[in-house]
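You will see chain A twice below: alongside chain B first, and alongside chain C after that.
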Partner chain A sequence: MQPGPKVLAYFLGNENLPITDTLLVSWLAVILLIIFAALVKRRLKMVPGRLQAGTEILLTFIVEQIESMMPGAGRKFIPFIGTIFMFVGIAMILGIIPGLVNPAGDINAALAMALMVFFYSQYLAIKKNGVGVYIKGFFEPIFLMFPMNVLGELAKPISHSFRLFGNVIGGGIVISLLYQFAPWLFPIPLHFWFDLFMGLVQVLIFGMIAISYISVAISD
Partner chain B sequence: MNLSPELFDAIIKAGAYLGAGIGMIAGFGPGIGQGYAAGKGVEAVGRQPEARADITATMLLGQAVAETTGIYSFIIALILIFRA
Partner chain C sequence: MININWTLFWNVINFLVLVYLLKRYLYQPLLEILDKRSAKIAGDLKAAEDSRAEALELKEKYEAEIGKARERAQEIIEMAEERGKERAREIIKAAKEEASRIREKNLEEIELAREEARRQLKEEVAAISLLVAGKYLQEQLQKEQQLKIIEKYINSLDRGKLGEL
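So, the complex of A and B:
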């Protein structure tokens, strides 16, 4: 038993560009999100239909999460934060389907999203206060704290991505252990627990921590 | 005393598996922390039942942050098991 992504092929035969199953499933998630967006966008009405109403409930929920940490900035950050919420959410749901793997169980996918949040929050901090104040922030409260502050900032994307990756791969390992001695019927409730419940809680947590990193970056 | 390569590999594997098991003792910390957060969450809901949704969201976020050290030790254990 070897958890983690499996290499299916190499891109243009190049050994350095492997195509893994998690990569294919994340492309599938992206395509599903594009189709979903196109379907919802095709007929927007003042009196929403069923699909539009459901989408509005989802987006209002995400805007409320952003507003709870950054009052008044909900609509500004909804494209970025909403994409993170929906991509990780659809990745969790795709992970239940037999034969598909959860892209969040690949450290590359989790780290890519965490790094996007990291660079975006640094960019916002520089844009708000200017480079001088940004660099000076690393020397607070005294200049001796500079290495600590830099390390503390660099640890953010690592803990952010490991939290998602560790939870997903931990559930996956428990389920695959159960598949080895009870392959029928018994793993189904565990799928609901680890993939649906814990997975959707992890989506909420991943998004909330992204929001909190951004709100810390633009607050000072 | 001469160690054959097979014995050498076996000792490395044994050390790695033992290390993975010992490293997961770190699971104590997140367990205590998450339980404490859950207990405080129940107390808060008991005091203010109308704020249940906010309390639950805050509790889950705090528990996720408390879980970080456990996740670190879990990843180290995984590396030890599957890379040894």
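So, the complex of A and C:
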């Protein structure tokens, strides 16, 4: 048993540019989301159909999550935060399909998003208060705290990404173990438990943490 | 299991592309339509509220007009009643006057008739008295004549035909 992404091929034959199964599923997720967006957009009506109504509920839910931490900023951050929710969400759903792997089970995917959140929040912090205040913030409450503050900030994307990655990979490992012990009893309900339910909880957690990092960054 | 490599870069690209495309094709149109719907609902609600207020106003106006019309009708009825009573009074008064006039005229006529009757009676009585008197006188005269004739006859009898008896 070897959990984690498997290299399927190399981009242009370059061993430094591997193409993994999780990357392929990521692309699939992107393509599916784009098709989904196109479908929804094409059928947009004042009186919504089921698809539009469902999407509206999802989007309103995400906006509400953002608004709960950053009142009034829901519309501004919906593209970024909404994409995190939707991408990780569809990754979890694709993960339960036999033959496909969960892209969030690849640290590269989780870290990519966590780094985006990290850089975006740093950018917002600098944009809001200026470089001086931003740098000064690392010396609060006293200058001795500078290394701690820097480490604390750098730890954010690591803890953020590893939380998601660890949960997904951990669920996968537990299921793999149970497959070996009792293949005829556990797998299907457990798939739903670990991959779908726990997965969707992880989506919520991952998204909420992203929101909280951004809200901390733009707070005074 | 944990192997950070170039797929991280691909994932970043994935994510950025996805943010751009979803923003353009999903979030913006959907939020726009949500706003439009909110605006429409707010507009519709306002329009409904306006219509309701207008309807209420119209209702009050009509009710006020109906009230006024009722009052006017009542006034007209009262006026008509008053006029009717007035007219009735006039008619009764005229009738009474007419009746009294007729009665007086009748009384006059009766008086005249009575006078005429009295006059005629007087005349009649006078005539009858004369007639009776005349007859009486005539009778008296005739009696005297007859007595004279009888006496004459008797006297003749005495002279001529007495012997035969």
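Note that in this section the second predicted complex is superposed on the first by the 219 of 220 C-alpha atoms of A that agree within 3 Å, B and C clash if a C-alpha of one lies under 4 Å from a C-alpha of the other, contacts with A are read in each partner's own complex, and residues count from 1 in each chain.
One rule holds in what follows: a residue touches a chain if its C-beta (ideal position, glycine included) is under 8 Å from a C-beta of that chain, and two chains touch if they have at least 3 such contacts.
Predicted, not measured: the structure shown is a model, and the values here were computed from it.
In the three-chain model built by superposing on chain A, chain B and chain C fit together without any clash. With the two structures brought together on chain A, the opening angle seen from the C-alpha centre of chain A toward chain B and chain C is 120°, to the nearest 10.
In the superposition on chain A, contact is made by A:33 with chain C only, not with chain B. When the two structures are aligned on the shared chain, A:169 is found in touch with chain B and with chain C.
Considering which of chain B and chain C touches more of chain A, the answer is C.
Touch criterion met: A:201 reaches chain B, while chain C stays clear of it.
In the superposed pair of complexes, A:79 makes contact with chain C only, with no contact to chain B. Once the two complexes are overlaid on the shared chain, A:121 sits clear of chain B and of chain C alike. When the shared chain is aligned, no partner comes close enough to touch A:102: not chain B, not chain C.
Contacts of A:41 after superposition: chain C is touched, whereas chain B is not reached. Put simply, chain B and chain C get as close as 8 Å, counting only Cα atoms, in the superposed view. In the superposition on chain A, the residues of chain A touched by chain B in one structure and by chain C in the other are 2-4, 169. Residue ranges of chain A in contact with chain B, taken from their complex: 2-4, 159, 162-163, 165-167, 169-170, 173, 201-202, 204-205, 208-209. Interface of chain C with chain A (complex): residues 1-12, 14-19, 21-23, 25-27, 29-31, 33-34, 36-37, 40. The touching residues of chain A, counted against chain C in their complex, run 2-5, 11, 16-20, 22-23, 26-27, 30, 33-34, 36-38, 40-41, 44-46, 52, 55-56, 59-60, 75, 78-80, 82-83, 86-87, 103, 106-109, 111-113, 115-116, 169. Here chain B touches chain A in the complex through residues 57, 60-61, 64-65, 67-68, 71-72, 74-75, 78, 82, going by the rule given at the top.
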